[in-house]
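Look at the two complexes coming up: chain A is in both, with chain B in one and chain C in the other.
Up next, the complex of A and B:
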């Protein structure tokens, strides 16, 4: 069916709305002019400037470390929380536990940030790299818990029973059977946690201290002093990384879909 | 599949020998889930090398009973003995039983070979022994060329075989099969039933199968326990269950049967002539029925007369004088099943009796058709009196 003129207009508007800001940002990162809004010819100048901006590079390094560490801790804790929620239908304080898992998803970030700040002040911890990491772990574990929980709900418990039945003790069963099978959910939980940590400005600015400026905080503070094309450059690199990630994920899911179809054909060709 | 059927089956009936000790004993087992009683004070003996079926509708407690033997559930009260040893408190991974799951529960991230190896590795067997056993199992289920495949690359029938091989690999004392053939199509199911019997016979293991399919239970089992609402209604061989059900429930659950409400006429007389079987007379709304069976019920008591359709003869001609049981009616409906035709005959008092006739000739138009006045007859040993 050929799309009507109305349909194609709507489509064009949607694309424009979504992508024009990004395109402008990317295009102006290659601008030779120092002014963000005036095109002065193609140049990679700002990428060089960005690369030699020690503050920006330090912030990127902090962000990467915080992201990896908090995503990993958050994934471990979140997976454990999900297992508790799915496998233990009844225990004292279950309601409170469930509530605490869901709370950070709906709570304004300002409140999460402020409450964490008050906690760190109360127990008198110097704010810096570790406080940001702990704060990010706290809110990313909730997202991981939700993702892993939904996978566990569809998990066929008879697989674990089969392992037990074949003589495998419960802990070994978890590592040999359960964990490998829920691993895709755990990995996507980790990736989401990492992205959320990378992206976070509000909670990080509440909980960070001297020497632990994350990239979003750095970019935000630089922009307040005036937008320079080197910000465009680093944002373009971030966009590039995210795009590569998304494309890789969709290619791998497409391939596993094709593999599944091929397996089905093979099964039908075999005897019986 | 199984073209070679193995050795001819010998007669096997340890349950009739008073000296035989049961291999598995369920002793006064009760299992409650809150207010719901899944298994109600049940006692059951299963003998070594027996192919035993638990048969009943869903929710009758048969799966719960099996899961208690496997160790996935603990009985609320009572105990389970295996070779005289109490299994209470033994976790599933320490029990000498293996189970074939209804969903097969094959590990999707492992190849066929790894699935079968899994149980053997837990026992810490030597590598060479494991390899030999896996090869033997793959050969047993005829999947030698599929060792490296993943479960996703197998058809339903192949998966069923892998599940069987995996549960047999450890040579369990008892193999538990939970609706093992439910997911297969009819033809494959029939072939696999014979294969299962063959494997059980060859390996000399005790098989306990849970099923709701009466045909399956009849085909494969040495004995069947028919269950209803957590209790065993009857335990007997397939032939006994079919020919001598002990209750209306069993009679109606297994196969097709006509049930007529009756009252007892006169005390059953133990036969006038010595050597003749006892004789009971029933009155079913004026229809007098003679049955060659002793019956405990007293005069006037309400009982049921039960007769299988294939034991009712149908004829257009009036019966010879002196025929024990005969009744007149009109053909109301006919079901043509290929091998059999089932006639629904409306008696003069409005009740419907079913009679089945083997289609021994290849006639397309059968001599008896809709609306015909027919006679139904049956001998005194064809039906039975059910008191409960």
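Up next, the complex of A and C:
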């Protein structure tokens, strides 16, 4: 079906609305002038300023570590949760479990942040790197669970059953058959978890402590003082990283999907 | 991961898979709520942590219970500031959700009607801004909406505004609405698109063959069939918007009242942890019905 004129107009307007602010932000990070409205020529000045801002660089390093660690923990826990949701239809407290997976997805961040902080104070953990990591793991695992769950639901179980029938132990079947098949979903889950952790301002602000200032906290405190091209520069780098990551992931998942389909076909056809 | 048959009942791996995320969520998601309720009933103290811990073991349980009181809640109901903040949050969230539906629905419909070959690209283009930081996207609007910002410059250049006039949007409720619609649009479009894309096109063909005009076919067939997407999208947006902090803080003005911002101020500004906890508990109570509907709906889909 050819898109109608009405549809094309709507799509153009909506995508313009979504992208123009980001494009402006990126363009002005290369602005030689400090004023937002004045174009003073192309310059990498603000990238140099940003690079020499030690506070910003420290925050970026903390954020990267929290992101990798919490995304990895969140992916492991989220995958387990997805398996629980799809493969174990009956166990005591299942209703409560599904509730605990879905609630954090829509819970206002101020509530999650404040409640976790109060827990950390109550059990007397020093706030800092680890408390932010735990907090991020807790909300990102739910997103991973949803992504992996949707893959598990559309999953052909005959390969697994075949392995089990041939006497492969369940744990080995999982690692040899199930895991490779759901791997693309796990990878995109990890990436989503990582970017969510990279993004989070509110929960990190509540759960952080001395020496664990994350990049969003740092950016937020600078933004409150006013718009500076230096912030545009760091934002541009973040946008660039995320864009490259998302495009690379989508290409690699498309490739592995094709490879998987080919392998399944070959397996079904069997030796000639 | 075999779960059928008696052998798997004794499989310790099975219990590990279920118990690990379960215990994690109990400890880091459920327990914090119990603590927040408890602290909201405690008294404020000028100390670190700034509240009187009212719990010293089971022996002192009776004493502990007698020390809990509803002072914070009473304070919240007596001061109109808080009630207004709750009402204003719900109002802003409701209006924003409506705006999101009005913009998101035509967009999702146009995507679902696009040729199948370009649909994945369109999907990707909706998702991509969602991966870039919330904070960055809100920040981008400050530069546009400021009185001496790009919107003023644009309007002055095309002559809609005199050289000495400026756009007065930044730090108003209008800016908050723009920021919310901008940030949450992908969350609205994706569930709508998922519902519309699944739709059977032959239904519309049948309707048109039988002489039903397109707009009537839309209201009689397309819209009712997309209701699950509408509900999911509306809830995914409405619930977090009610507790939103970043957008009203960065784009809103002094008169923009939102409960997320009130909670933040009580906690970080006034350091009143028990009152902040009471604000959080009441916010949660206000949202419990939409959250439960959301969960019921997601379980049906899952």
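Definition applied: the second predicted complex is superposed on the first by the 233 of 272 C-alpha atoms of A that agree within 3 Å, B and C clash if a C-alpha of one lies under 4 Å from a C-alpha of the other, contacts with A are read in each partner's own complex, and residues count from 1 in each chain.
Here, a residue touches a chain if its C-beta (ideal position, glycine included) is under 8 Å from a C-beta of that chain, and two chains touch if they have at least 3 such contacts.
Predicted, not measured: the structure shown is a model, and the values here were computed from it.
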| item | value |
| --- | --- |
| Which superposed partner A:125 touches (first chain B, second chain C, both, neither) | neither |
| Contacts of A:116 with chain B and chain C, given as first, second, both or neither | second |
| Touched partner set for A:93, first chain B, second chain C, both or neither | second |
| Which of chain B and chain C A:77 touches, first, second, both or neither | second |
| Which of chain B and chain C A:164 touches, first, second, both or neither | both |
| Touched chain A residues, chain B compared with chain C | C |
| Chain B versus chain C as contact partner of A:237, first or second or both or neither | neither |
| Partner chain in contact with A:263 - chain B first, chain C second, else both or neither | first |
| Those residues of chain A which chain B touches in one complex and chain C touches in the other | 164, 170 |
| Residues of chain C touching chain A in the complex | 1-3, 8, 11, 13-14, 17-18, 20-22, 24-26, 28-33, 35-36, 39, 49, 103, 106-107, 109-111, 113-115, 122, 124-129, 131-137, 139-144, 146, 148-150, 152-153, 182, 185-186, 235-236, 239-240, 242-246, 250, 260, 263-264, 267-268, 273, 276-277, 280, 283-284, 287, 290-291, 294-295, 298-299, 302 |
| Touching residues (chain side chain A, partner chain C) in the complex | 1-4, 6-8, 10-11, 14-15, 17-19, 21-22, 24-25, 28, 36-37, 77-78, 80-81, 83-85, 87-88, 91, 93, 97-112, 114-116, 118-119, 121-122, 134-135, 137-138, 141, 145, 149, 153, 160, 164, 170-171, 173-174, 178, 192, 195, 198-199, 201-202, 205-206, 216, 219-220, 223-224, 227, 231, 235, 238-239, 242-243, 245-246, 250 |
| Parts of chain A lying in touch with chain B, wherever the complex brings them together | 156, 158-159, 161-170, 176-177, 180-181, 260, 263-264, 266-268, 270, 272 |
| Chain A contact footprint on chain B (complex, rising order) | 1, 70-72, 91-94, 97-99, 101-103, 105-109, 118-119, 122-123, 146, 149-150, 152-155, 157-158, 161, 166-167, 170, 188 |
